[in-house]
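First subunit A sits with subunit B, and in the next complex the same chain sits with subunit C.
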Partner chain A sequence: MSVAARPTTASPATPTRESWPLMRGAPTDAALTDHLLAPLWRASRVWWLLFGLSTLGTLLLLGTVTYTVLVGIGTWGNNIPVAWAFAITNFVWWIGIGHAGTFISAFLLLLNQHWRGSINRVAEAMTIFALVNAALFPVLHLGRPWFFYWLIPYPATMNVWPNFKSARPWDVAAVTTYFTVSLLFWYLGLVPDLASARDRAPTRRRRLAYGVFAMGWRGSGFQWERYRIAYVLLAALATPLVISVHSVVSLDFSIAQLPGWHSTIFPPYFVVGAIYSGLAMVLLLLLPLRRAFRLHDIVTEAHLDAIAKLMLAMGLMLTYSYVIETFMAWYSANTAERYTYLTSRPFGPYAVAYWIMTVLNVVSPQLFWWRRLRTNTVVLFLASAGILVGMWMERFIIIVTSLNRDFLTSSWHIYIPSWVDWSILAGSLGLFGFLFLLFVRFVPSVAISEVKSLRIELANSPARSGHA
Partner chain B sequence: MRDRTWSAGAYLAEFSSPAELKSAVRELSTRGYTGLETYSPVPVECGIRRSYSPLPVVVFLAGLFGGIASYAIQWYANAYAYPLDIGGRPPHAVPAFIIPTFEGTVLCAAIAAFIGFFVVTRLPQPWHPVFEIDGFERATVDRYWLAVDASDRRGAPDLTIRELRALSPLRIVHLEAES
Partner chain C sequence: MAALFPRWANTVVRATLVAATCTLVGVPVALMAWVRTPNATRRYQPVAQPIAFDHRIHVTGQRIDCRYCHFSVERSASAGIPPSSTCVACHSDTWMRSSELALVRASIATGQAIRWSRVNALPDFVYFNHAIHVAKGVGCETCHGRVDRMAAVYQAAPLTMSWCVDCHRDPAPHLRPLSEITTMGWTPPTAQRAFGEELVRENNVRSLTNCTTCHR
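And then the complex of A and B:
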């Protein structure tokens, strides 16, 4: 039993600490373009299967939304005092998911992070589809969704104007701006790739269709120069939105007096949580896509490693927020605050959701301290799914536990979601999948011109050799 | 230079790499050519002198307009046209108006950047002389093209062709002037 008999830690089998390349292999530009455009020309059986499933989900959403509009939101489980429940939980969750797209495409562009180029298209598409889902919920929650335009300031014959001291018009301003800017940024980024698709299209009809959307792009030096200026301008305009949108959403809560909502940490806490859940959704979509479209040479371990590190950082900041808001509740010495944070949430009727949230959001990112786990696709996939569930639970806890037991015990009430609540949530996942599947089928899901630029840049600078 | 001003036609040369395109532009520029334009699947910085883009100024002004307009709408709605006393808060509530003002600024600036890009590049443009060239489709895939305006001050067609040929491109194409 001598210690010397054990293998030494510095054996040659130990993986070395060198970093991964941002790109592998040396395909020709034509081969690379064709590889990245291939999903546009034919659909696999798996795609049709998933598309069928997501269509069913979308139909479920359509059916339950129609039912809600016809009958009213009494079909949902929420009632006074829990007036906000699934609808607002879903709204905050979806809009949070949207944040990673802008974070990756705009924030990281301005920070000159080369690895964003291979994944930004997927992240931007995810943002747009998440926002489509998010916008649905507050509109339905209005009760009379056909009057949603009353939130927009326009000279009406009634002479009534929206009240801008309320958080609701802020949400309208923040979400419409975010959606519009994300869509414009996404489309501008697409133009050169749509031109590639036009020029590689196998049939005349497709050539015409992509040609219309490519708007006659011919890649002249003048166009490229103006394009880069416009792209960077849009990125610079989108970057403050990464911070502002979820800050505005958090103000819906923090300007109220309710224990569990009335807190100054909310804006940064919400932004961190948003980027966290968004990165999880990016991985959840990217990992199967990478496998299905054989993108291993373009989305390498370097990308997975970078996203996992970001998730770890966001997870730690979120944990800090959980700790601080609980500490502040205790430190305030306010009976209602202390009750909400120290009794109702961890031990009250929704304690299960609270502990699911804590375990999934606080513990699962800790896996990413290990380099090997940061590039293990199974671990990444499961952790991302877990974080998405955890983040949904977080919004549920913030909304429902604060409302269902506030200052007066006489107004306490238990909230139970109805089947319509669950169906709309499931249906919105279906709609998200539906839109995303259409995206990967008809739009180049990797920014081809950016990847080609990166390849040329890496070839010309062997010193950097593309390490992240 | 802008490639929509070829009144006398143009000569185009096809290259297979950005490095060849760059050195070709450098070579012709030192010989005094001014009417040069490139076509590439990725942005290639060739040092062709261009006018300043008006876009940054336009975007700034649009943002300024968006901010002022958003604030003015809120002031008009809540402080002037329809003041509501809710909890004794002032009708002209500056802190509450900050958020829509910020959003209006970003929204107008972003829309201006997007539309402005298509205006300054004159897109959408369904047809352009270069689309007539067989094989020009590869300019968005893996080929790098150089165009020389036939009315360039170095003028003489055979000289241009000779000097282009000296750069050993894959091929040279002559686009006739539009009649």
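And then the complex of A and C:
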């Protein structure tokens, strides 16, 4: 993983062609803290505008979910044979997006990638909010969501356990584990910054609020030692989840004997796609945030370059999966497999979605071969948005095209999403924005303590490279 | 700067954490315990009936067999609630003028059935058949309890799915000879386990635990 950004110096001195600094300028600790905490004390007009919009989206979600619960999932376009449609597409999409958070915060921590420290907070918050959205969909898709607890293995008076051969309890285990670890990891990382917020808050009420959540953090050497150990331990716990969670999600599909689902490539293919879409979401959130909070000295070209390189790598691996998947369908000489991959998907009723997916996921990352484009914020923003749309289309194609035309032509049936389907998707984007905006308003969106220690590290070893 | 929090704040935090943990663990455990109590399963609660029919008098006192009134128990899914004419078979001679029997007389006169209240209610998604249970040696008492001692009939069994499934998985401890089906207070002549295993072989009792056995 040579995503190294190699700063030769911490000072604003001349970046050579090969390198950008991980941080510009030499601010004092106090100046850094003040700068990064500033968004907590006042909200801009743009924030209020976006917050209003996302609140409307959240209300839309609330309304359509209530309607779905009251009337039933007949309000959706789903029907036999397409019993999984938007709900599962959205579920896989959101949970995939979550993966970049853990990837950046845990994976790259263990790999000693110093550039992660400036962006991990945003990525982790994104993970948690994406998981909240992801968890919503399978529960709604149960049809009777108030019985969701039947999925949990507990000693019921029915004297039967959930069917452990079904992918449903696996999902529950994977998602709840992931959510718990992500939340703990995020919160642990927040504690020193919450203490900074407590010490700098302008009013007593805010000091008390941040003080409660800072849990008595004083920043003593003893506390820091324990904190570092706990942080690395949690990272070690979270790292396997980057691989395992989306592998489990992919098994929802590959344990079925349906052409387009029944494939051994699914776990790695899904994990790569998950990290890919997650990195795109990180950029989509980070770029406006960088501008709004003037983080250019902290989130530098080095970070954008590193993320873009990772996205290129993931995009190439995903392309490889697409090719192999299609090749294996042809190579299997199985009529149903060949029909799904070579006829139904590229030329069937959902061909438009298929080609949108292919172009956006395969072609757009190729832009990142060019160094100039890897740091061009407009290109990065548009490519990230495109990749997110492409990855949504991928899940839609996998789910709907495999279901709507399976082995028996007599059971073929077209799927058309209803207005409730679309509204719930739009509403979940609203909820995501709503939570994220609250996050940037009330919690430091850059890990202040990490950035401060990075600054000292860079200042003390001018020749030190960005990756140890 | 004065300390933000007083010393006792530490105690409050610790107590809150302990309370939160207890709540997180305690609430599900309490709910799981609650659904097993007789209150939640509605056991042992006498059900009010339009006529104060006393099973003690009829079963213990008059020694009437269960099947005299619950006539279809050996042949049908339902055990059968007796028509008013069954009452009158005896009560044309005895207690005919009693005010207790006013509803029976009215029923006979109008041809309208008496609306008894159901005591043992299963959900609509459960298929239950009395005849097969009786034919395989499950006595009335096994599920309905000592009806001969009930002034007003109540639900004796929890009727939870685990109660059904326990017996379906291992019927032997609950079986009796076919001749003793309606006996109240029956005791096995030898140890129930061995005796039950014998009855399983004799009556070809199968352990049916498919979902579709009951959920059709």
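Here is the rule we go by: the second predicted complex is superposed on the first by the 448 of 468 C-alpha atoms of A that agree within 3 Å, B and C clash if a C-alpha of one lies under 4 Å from a C-alpha of the other, contacts with A are read in each partner's own complex, and residues count from 1 in each chain.
Following the convention adopted for this analysis, a residue touches a chain if its C-beta (ideal position, glycine included) is under 8 Å from a C-beta of that chain, and two chains touch if they have at least 3 such contacts.
Predicted model only: the values in this text are computed from it and were never measured.
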Contacts of A:33 with subunit B and subunit C, given as first, second, both or neither: first
First (subunit B), second (subunit C), both or neither touched by A:453: first
Touching partner for A:157 - first (subunit B), second (subunit C), both, neither: second
First, second, both or neither for A:208, with subunit B first and subunit C second: second
Touching partner for A:297 - first (subunit B), second (subunit C), both, neither: neither
Touched partner set for A:192, first subunit B, second subunit C, both or neither: first
Touched partner set for A:165, first subunit B, second subunit C, both or neither: first
Per-residue contact with subunit A, leading partner among subunit C and subunit B: B
Touching partner for A:226 - first (subunit B), second (subunit C), both, neither: first
Overlap of the subunit B and subunit C footprints on subunit A, listed as residue numbers: 159-160, 198, 211, 215-216
Of all residues in subunit A, those that touch subunit B in their complex: 28-30, 33, 153, 159-165, 169-170, 173-174, 176-177, 180-181, 184-185, 187-188, 192, 195-196, 198-200, 211, 215-230, 233-234, 237-238, 240-241, 244, 248, 251, 449, 452-453, 456
Subunit A partner contacts - residues on subunit C that touch it in the complex: 4-5, 10, 13, 28, 32, 35-36, 158, 160-163, 165-166
Interface residues, subunit B side, partner subunit A - complex: 1-3, 18, 37-44, 46, 48, 50, 53, 55-56, 59, 63, 70, 73-74, 76-78, 81-82, 84, 86, 89, 93, 96-97, 99-100, 102-104, 106-107, 109-111, 113-114, 116-118, 120-121, 123-128, 130-131, 137-142
Complex contact set, residues of subunit A against subunit C: 154-160, 198, 207-208, 211-212, 215-216
